[in-house]
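Common to both upcoming complexes is chain A, partnered first by chain B, then by chain C.
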Partner chain A sequence: MKQLAEQIARTDEVPILLTEEAQKFTQEVIGRSGERVDWCYQCGKCTAGCPVTFAMDIEPSRVMRLVQLGQEERVLRSKAIWLCVGCQTCTTRCPQEIDIAKVMDTLREMATEKGYAADREVVTFFKSFLDNIRKYGRTFEPMLVFQYNLKSGHLFQDADKAPLLLSKGKLPMRPSKGSMSVQRIFDALEGNKR
Partner chain B sequence: MARIGVFICHCGENIARTVDVAKVRDAIAKHPGVVHAIDYRYMCSAPGQELIREAIKEKGLTGVVVAACSPHMHEKTFRNACTVAGLNPYLCEMANIREHCSWVHSDREKATEKAIELVRFLVEKVKRNRPLTPVKVPITKRALVIGGGIAGIQAALDIADGGYEVILVERQPSIGGHMAQLSETFPTLDCSQCILTPKMVEVRQHPNIRLLTYSEVEDVKGYVGNFEVTIRKKARYVNEEVCTGCGACIQRCPQKRIPAEFERGLGRRTAIYIPFPQAVPNIPVIDREHCAYFRRGGCRLCEKECPRNAIDFNQQDQLITEKVGAIILATGYDLIPSDLYSEYGGGRYKDVIDGLQFERLLSASGPTNGEILRPSDNKEVKSVVFISCVGSRDRSKGIPYCSKICCMYVAKHAILFKHKVHDGQAFVFYMDVRAAGKGYEEFVRRAIEEEGAVYLRGRVSKIYQQDGKLIVRGVDTLSGMPVEIPADLVVLATAIKASDGVTELAQKLGVPVDEHGFLAEAHPKLRPVETQVAGVFLAGTCQAPRDIPDTVAQASGAASKVLAMFSQEAIEREPTIAKVNEQTCVGCFECQRVCPYRAIERKEIRDRQGNLVKVVAYVNPGMCAGCGACTVACRNHSVDLEGFAEEQMFAEISAIVAA
Partner chain C sequence: MQVAYYPGCTLASKAKAFDQTARWVAQKLDVELIELPQWQCCGGLVPQVTDTVMGLLAPIRILADAQAISDRLMTLCSFCYNTLKRANFAFQRDSERRQKVTDFLEQQYDGNLKVVHMLELIRDEIGFDTVRSKVTKPLTGVRVAPYYGCLLLRPPKEIGLDDPEDPTVMEQLLEALGCEVVDFPRKVECCGSFMIAHRPELAAQCSTTILRSASSFGAQLLVTSCPLCQFNLDWQQMRMLESNGEISPVPVIYFTQLMALAMGAEPHLLGFEQHLVDPRPTVMELGL
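Then we have the complex of A and B:
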């Protein structure tokens, strides 16, 4: 019954209007990622191999399809592009040699720029993670946890796991050295962008 | 005294699993007349055949029964083995203890009993077999090819090049068929005209080809090697002998608004016309239906204009009778009318056209000189939607089959559209893309990957007009979303069907048609270019939808069958045919009435002074198929079937009843 209800809801959906306008988004994704998303022929191998498909609202192959059809809002609003962990299983296996993980990266960038991803926890984590790398040269876990928990508002998230991590030496007390070289990479990249 | 040898095959496990072969052997060895009975694992193998040959020589056998599979499989094998050993092949018979016994039974004991009976009644039959020799039928070494499309052209050229005469009959005013209408051909994008017209010219110039255009086959009589065909050469009202094809008459004709068939209604023609510039022959024809003279009298401007006095309003249809030895059917296809689909406009929207119409829009010699303009208002097309499987794979329209070529020509259309309209966008609705052929899949991918066609998986539900656009409403099942496309032009890939009138032609020839109206081949795998009627062959889309490479290959295949036949002095036919006892025949001709093969003729018997004694039935050995209908109809048992004589049949039945 639930399936049937979903199906009925789906047929009520507003049709995709395919005009030249719709193709602009497709071309933007292709241009920015450098990947021929239009080559995707919907074999579904990426979806079949993706370890996080189970949690996605739109599976990877369908993300590719929606990009082909210029469905900017549907794609950039999706949870799927944030759930992608970048494991590159899809990229490795794609018969059309599309770097799907890279496309996902591009989509995340675009979603951030266009304000679709303003307050997502995943974005918060990504930002905290990058700040952490920029500052310490490699992940300094205690600070990462601290920063993320603070920004996301989940102050005590995963606090119960700290003793175990400590006992295994996974929570170092001091950050590693060599932070300046990584800092320079960041500067160079951001300089490029400007 | 009969000396029969019985050879029982195990067929590996196929027979031996269910039938106790040794028991069959021992039982039949005791049967009167059987002097030799053995079993072997594979009788059809070389050592198996050797067993038969040895036994014939050593035991002086007068008849052989091989108990094995169906005679359809190996009768030829075993009869040949007998011939080699010096025994007439028609003294060898097969008892089918596989298909008729081991494969259909599970009870071993009963199956064995049945096998014994099957062998026993064949032994009784063979005892009464007579040596027979195949019937030799003379051949008229000249072929008729019906249909002047690429299939007919190729077949005619191959036979003509082989050194035999060909009569090529085409019902349209020019040869060329549908291929002449195409712009370019997949997957190489050769210009269709450029590769076809040299062949058309060759047909015209070939000394061995007699070309009859604007002609139709009216009647076919006779049989393999000896057909007699009547061809109606329709009046052109133009004297072909003197016309030079200058075209002055066409310039002058006042009737200029007639929808041109060659342009599929998108262009106009005059009442006296040549269908297309490269037509062969380049001789106009007057369309009676639209000609002002034939409609109301008067006009005759073409007649006055013609510098050679070639116009002849009094010309009549001619009936031509020719003898030929073989016939190739190459009658081609038509597209189903697009008005079958009311949801796609049902023929009401001028900008919803079919694939062949789009070919004409693409063609440089077409009605728009190769520009992609909307038929309704001649506006340039920027957005075009192609819909596959319109009719095809649609049970509700009575066409469950795949038309095979549409996936490829739709991809071609999308590519050519992009070549013509660089800023245009092509959309393709499809259910599956079937691109099995050399370079085909790559071609479809090229349409998508290089030429930017957007492929949408799903059928279109409806098309309607809004603000000067055609709104195409369909679905993309890959994204799970309904889609709407405002289009300037919609092209329907309508289903392929056999040409109109093919069924009637098939009836004249006795060639069966399949459930969809295509001509039926003799065997779908092993005899694809032959028909059930000896001497009649198939080429091209009259048999099933197929593309140009397949059509040309099949046409050459059919031609090689004809050439193989013509290279023989005479045709050998099975001697198991009806034979009339002229002494007892009273000439009632009941047999003639029931014969489905028109094989019974009247024969006059005269005495030495030449006085007519009586008229009896005579069986033409070239035409008789040995069906036996006449033997049943004959009131005084004057007709019998060689190899299946009444005496033999009774012996078989008695053998079963006695057991």
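Then we have the complex of A and C:
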């Protein structure tokens, strides 16, 4: 991957004159994702197929273009990268075979690392999800919902659903029996972060 | 035929009907499902985050456990299937991540286990003719729309279950059960997925589009293999039916429930009472 970034840096494949700073961002995205974002020629298939384009501030194809142009702040500050649910339609349809969903994933990682995470709710949701697994080994939805609502400040979101879901057997009262080694692994990994 | 079986969290809680009908159908088809003795969450979408080893660890541990039992692992939930298959793919091809995972694994795994979906098992090993021969109550004239969603099919290079744009495996199964297949244009579109948790209004829009489409093409039942799709479409449909009469009910059921129905399972085994939009009135109306 590093090689790829260097190769792009060497040649003049990035056709527009960009500042060094801007080029650095483009190359970082390409290097980390392993995907040739610079191959995108703006056909717009990803945008047309994306099920959440309607809610995005910047459509997927424009995200690709902004990455090519090194627009770090606009991309990492966007809400769009957090609305992607990873349905892989864009990846499946891209004529240049760019794994766009993976690029979105890389952008979320970078936005989190650089303190840009605009839509904190999804981050909160994923953190609650991981905490839930750490504790129970399997997802235990009632606790997951409770913890997420508490952390996100949506205290009573979905509270009205509870009686109905309970009556349909969709809200178990006890977690199903998971494996306790999960907690040990989480701990081991945290002691060995990159 | 013996196959290791990983149910996954949802099939042990929210989607019990999926699990119980799958076990019943498997028995009818002479497949012995051996549930992993102790299993944990596969990690859902988290393993696809590329910069973490932790993500791969959960699914690979499941594969290692399965390898002790069989040469393949069957699963049903589209999320679990996608996660396990992609983790296996990464483990087989990415030596750097493979090494890191192995260091933490506490057990042996060689990467050779095959992850299969029950639909794959039926199509490739059991055969639709065998399914047809077990049908005691053909669903003749029942208009059923197959809904695939995302994770059962995509990304095609790693999943490879069927054509990602125009899959046919569920259509073939439905034909074997005697149904009239309803092909509708949104069958591979995303239902809104986990946005139901943090952006429910957006998930609602995605689900509404799919439901309207299936309904306008005349579907009486929608069939899926994903507990999250099932929940999203069921939930949204209940709200649509409550607020206005723009669609007639199209209950969303699992393909195994429909198979069990056609193969003559007792009604109490089907788990229809767990649905928000109750399939029983529709099923009764159709004389099943």
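In this section, the second predicted complex is superposed on the first by the 158 of 194 C-alpha atoms of A that agree within 3 Å, B and C clash if a C-alpha of one lies under 4 Å from a C-alpha of the other, contacts with A are read in each partner's own complex, and residues count from 1 in each chain.
Going forward, a contact is a pair of C-beta atoms (placed from the backbone, for glycine too) under 8 Å apart; a residue touches a chain by one contact, two chains touch by 3 or more.
Source: prediction; values computed, not measured.
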{"item": "Chain A residues touched by each partner, larger count belonging to chain B or chain C", "value": "C"}
{"item": "Chain B versus chain C as contact partner of A:152, first or second or both or neither", "value": "second"}
{"item": "Touching partner for A:164 - first (chain B), second (chain C), both, neither", "value": "second"}
{"item": "First, second, both or neither for A:62, with chain B first and chain C second", "value": "first"}
{"item": "On chain A, positions contacted by chain B and by chain C", "value": "none"}
{"item": "Chain C partner contacts - residues on chain A that touch it in the complex", "value": "32-33, 51-52, 54-55, 83, 85-89, 91-92, 99, 101-102, 105-106, 109, 121-122, 124-126, 129-130, 133, 137-141, 145, 148, 152, 157-158, 164, 168-170, 172, 176, 178-179, 181-182, 185-186, 188-189, 194"}
{"item": "Of all residues in chain A, those that touch chain B in their complex", "value": "10-11, 13, 15-20, 23, 36, 38-39, 41-42, 62, 65-66, 68-69, 71"}
{"item": "In the complex with chain A, residue positions of chain C that touch it", "value": "9-10, 12-14, 16, 38-41, 43-46, 48-51, 53-54, 57-58, 104, 106, 150-151, 153-156, 164-165, 188-190, 192-195, 197-200, 202, 205-206, 231, 273-276"}
{"item": "Residues on chain B engaged by chain A in the complex (per definition of touch)", "value": "383, 425, 427, 445, 448-449, 452, 454, 457, 473, 476, 478-486"}
